[in-house]
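After the structure tokens below, expect a handful of questions from me.
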Amino acid sequence: MMMTILFIVIGVVLLLAALLAVHMKSLLGAIIAVGVVSLFVSILFLILGAPDVAMTEAAIGAGLSTVIFLFALSRTAGRDSDDD
Amino acid sequence: MEKFLARLLLAALLVLIYIVWTGSTDGSDVAVMSAAALLVSAFFSKSRRMPRITPVKVAWSIAYVFYLFVAIIKANFDVASRIVRRKIPLNPGIVSVRTRLTSPLGRIVLANSITLTPGTLSVEMKGDILYVHWIDVATTDREEATEEIVAGFEKYLEVIFG
Amino acid sequence: MTSLAMITGGLLMAVGFWGILTRRNLIRMILSLAITETGLHLVMIAAGYVRHGTAPIIDEAAVAGQTVDPVPQALVLTAIVIGVAVNALLLALIIRLYRKKGTLDVESFGELRW
Amino acid sequence: MIKRVLILAVLVFFLILFLSRVAGIDTPAQLTGVGAGYVDRSVGELNSPNVVTAVVVTYRGIDTLGEVSVLFLAAAAISLLLGSTGKKNGKGGAKEKRSASEILTTGADILVPVIMLFGVYIFLNGHLSPGGGFQGGAVVASAVLLLFLAYPGFRLRHGILAALESLSGTAYVVIAVLGLILASGFLDSRLLPLGETGRIISAGTIPLVYTLIGLKVGTELAGIIDSLGGDR
Amino acid sequence: MEILKIAGALVTLVGSLFLFLGAVGIVRMPDLYNRMQAGTKATTLGTILTLLGVGIYHPAWLGRMLLLVIFVAITNPISSHALARAAHFAGLKLTKGSVCDTLADDEEGDDA
């Protein structure tokens, strides 16, 4: 029961972060939001009994992937986030 | 020769960390990890000169850890008492202080300690001048600020890394 | 728990697809693609879940038949690594496009339209 | 606007389709099928407590070989796309990078060996605890990333990187083929003695293969970071 | 045995309380530097206490947790230092009521 409640709370945070990543004005903030999604998903993986996958998601999804996006953002000067 | 010894010392330290981490003292495990530690220290060591370890220094280090821990707890209550007020009492600014430490290890410990203690955050280090963001500036004079912020730590660190 | 995780994963995938289809900034499209991938991974892991399942690491604590399915985990493990490599490749292409045109707006790359 | 409504309608349609398939699923009480077979056989056959590792390295090892090659191709394509235009904008880099602070540099010097050893620990213990080549490779690559941040002028020596990368790839394939000849199949890990459960040197070739995968993934991710991050 | 578990849980609770205080501080402080002040101190002590609590709860893990405490105590101040430094070079000004900015003054002196 505890686990189910925890799962639902994390799932809601996850969806909010994902919506934020898609609709946020600033690209930098969107990249951070995607990192947050990865980090929380890794907790869900841990609850679902997959510590290997949780480790990979935390190290690669939340760590390296975020850094790679940031590098790309800095190389495209990224200021003109011409989303509407 | 000295470089070689420093690398060996680093490898030994890494193996020690590994043993504490896993709690396993099995021969084959430790042998494999020692080989890995030697490889890592061969490629990724800056081979800084390690400070010599003497009993006096160890005693001062232990005292320093306690001193720092008390300072960290004080810092947290300081922060807590600030943020629960309706209007946060602030008088911030960046001041410069001077350090007498020369060993890089000692300087990084000093900078980290300053960051962890009440109301101060090290922003930049140029030569022996350290720029510190102070949440409640008491003085803008360099010498007085040094006395206020650095002196308490330097007393210990000069012995440990001297 | 399985259906809960699958619903979460499905909603994440929907949000990601919405981002891919409606956003115009190329980097943000790749970000949405990353969200879609994450949702897919969650669905795959959920497919292997067993009630009160423990991690598939056999030691004294594990009860026979009560571990979760290791096969989807192995697939997702490699899929995450491949996913980040593919994202990096797409970003490299975007950097090249940016150097050529000086913009990240997908509407301005009209040559490939059909 | 009409486009968005259309997209939303299609997405909602697919979401309802997915949810109607998924919502009623009952969590199985017992593991059955292929997964149960792997869980039952992993310890007895391969002496590897971590079943995921056994699946990744041995039972489905050929998939992993393919995945590692995809990773290699992606890394090569990235360095091809971004590395070639190097010399042209030599003047563009006139806005010189501020060197990192002394605190960060010293900190990186202290931390990099520890993080590297932690990565090695993760991929050597892949068959005993959660972890393995992919995670360890990512940790090693993040140590390289720390070096990049601490020393802005830091460049990887591509010769060593390429040599390490191709050497571990070749060794991986050689071990796989040796399994075909000396044991019962491609990538069969019973090439070496299985040893005692719970030690690093056990489970046949699994730690060896995972170390090679870890080196390969680590060098490739480091190469990706190098080509994306360096402002040439 | 039971007393160890209760003590561990209590220490972890105190740690999470400090983490919460840090979060409140980050929201309430006026500019980045002051936020870093609140954030760094509170997260460092909060994480250390949480880890120690886990170590007391599972005495077999105490060595591991002590190593993690050392790691956190080294990395946390370094990262906040790097963030504050980068913010200063990016030209982020201090909040209005600030007394002095010696670093900015010295930088200008160097450029002239």
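Per-chain numbering from 1; labels A, B, C, D and E assigned in written order.
By our rule, contacts are C-beta pairs under 8 Å (C-beta built on N, C-alpha and C of every residue); 3 or more make two chains touch, one makes a residue touch a chain.
No experiment lies behind these values; they were computed from the predicted model shown.
S.K.: Using the contact definition given at the top, which chains are in touch with both chain B and chain D?
M.R.: Expected: E.
S.K.: So using the touch definition from the top, which pair is joined by more C-beta contacts, D-E or B-E?
M.R.: Between the chain pairs D-E and B-E, B-E carries more contacts.
S.K.: What chain is the most remote from chain C, judged by the mean position of CA atoms in each chain?
M.R.: Chain centre farthest from chain C's centre: B.
S.K.: Return the distance between the CA-based centres of chain A and chain E, expressed in whole Å.
M.R.: Roughly 22 Å separates the two chain centres.
S.K.: Express in whole angstrom the distance between the two chain centres, defined as the mean CA positions of chain C and chain D.
M.R.: The computed centroid separation for chain C versus chain D comes out at 16 Å.
S.K.: Averaging only over C-alpha atoms, locate the centres of chain C and chain E and give their separation in whole Å.
M.R.: Chain centroid spacing, chain C to chain E, equals 32 Å.
S.K.: Report the inter-centroid distance (CA atoms only) between chain A and chain C in whole Å.
M.R.: Here the centre of chain C sits 10 Å away from the centre of chain A.
S.K.: Using the touch rule from the top of the page, what residues of chain B touch 2 or more other chains?
M.R.: 17, 21, 108, 111-112, 122, 124
S.K.: Would you mind listing the residues of chain D that make contact with two or more other chains?
M.R.: 50, 52, 101, 103, 107, 110, 114, 130, 132, 134, 138, 221, 224, 228
S.K.: Please set out, as single numbers or ranges, the residues of chain C touching at least two other chains.
M.R.: Within chain C, the residues that touch at least two other chains are 1, 11, 18, 48-50, 53, 55-57, 67-68, 73, 77, 80-81, 84, 88, 91-92, 95.
S.K.: Give every touching pair of chains, nothing left out.
M.R.: So the chains that touch one another pair up as A-C, A-D, B-D, B-E, C-D, D-E.
S.K.: Within their complex, state which residues of chain C touch chain A.
M.R.: 1, 4-5, 8, 11-12, 15-16, 18-19, 23-25, 27-28, 30-32, 34-35, 38, 41-42, 45-46, 48-50, 53-57, 67-68, 73, 76-77, 80-81, 84, 87-88, 91-92, 94-95, 98, 103-105
S.K.: Help me check something: in the complex, which residues belonging to chain B touch chain D?
M.R.: It comes out as residues 10, 14, 17-18, 21, 26, 28-29, 32-33, 36-37, 40-41, 44-46, 48, 104-105, 107-108, 111-112, 122, 124-125.
S.K.: Across the complex, what residues on chain E touch chain D?
M.R.: Checking each residue of chain E against chain D gives 71, 74-75, 78, 81-82, 85, 89.
S.K.: Can you list the chain A residues touching chain D in their complex?
M.R.: 51-52, 54-56, 59-60, 63-64, 67-68, 71-72, 75
S.K.: Inside the complex, what are the residues of chain D that reach chain A?
M.R.: Residue list for chain D touching chain A: 50, 52-53, 122, 130-132, 134-135, 138-139, 141-142, 145, 221, 224-225, 228-229, 231.
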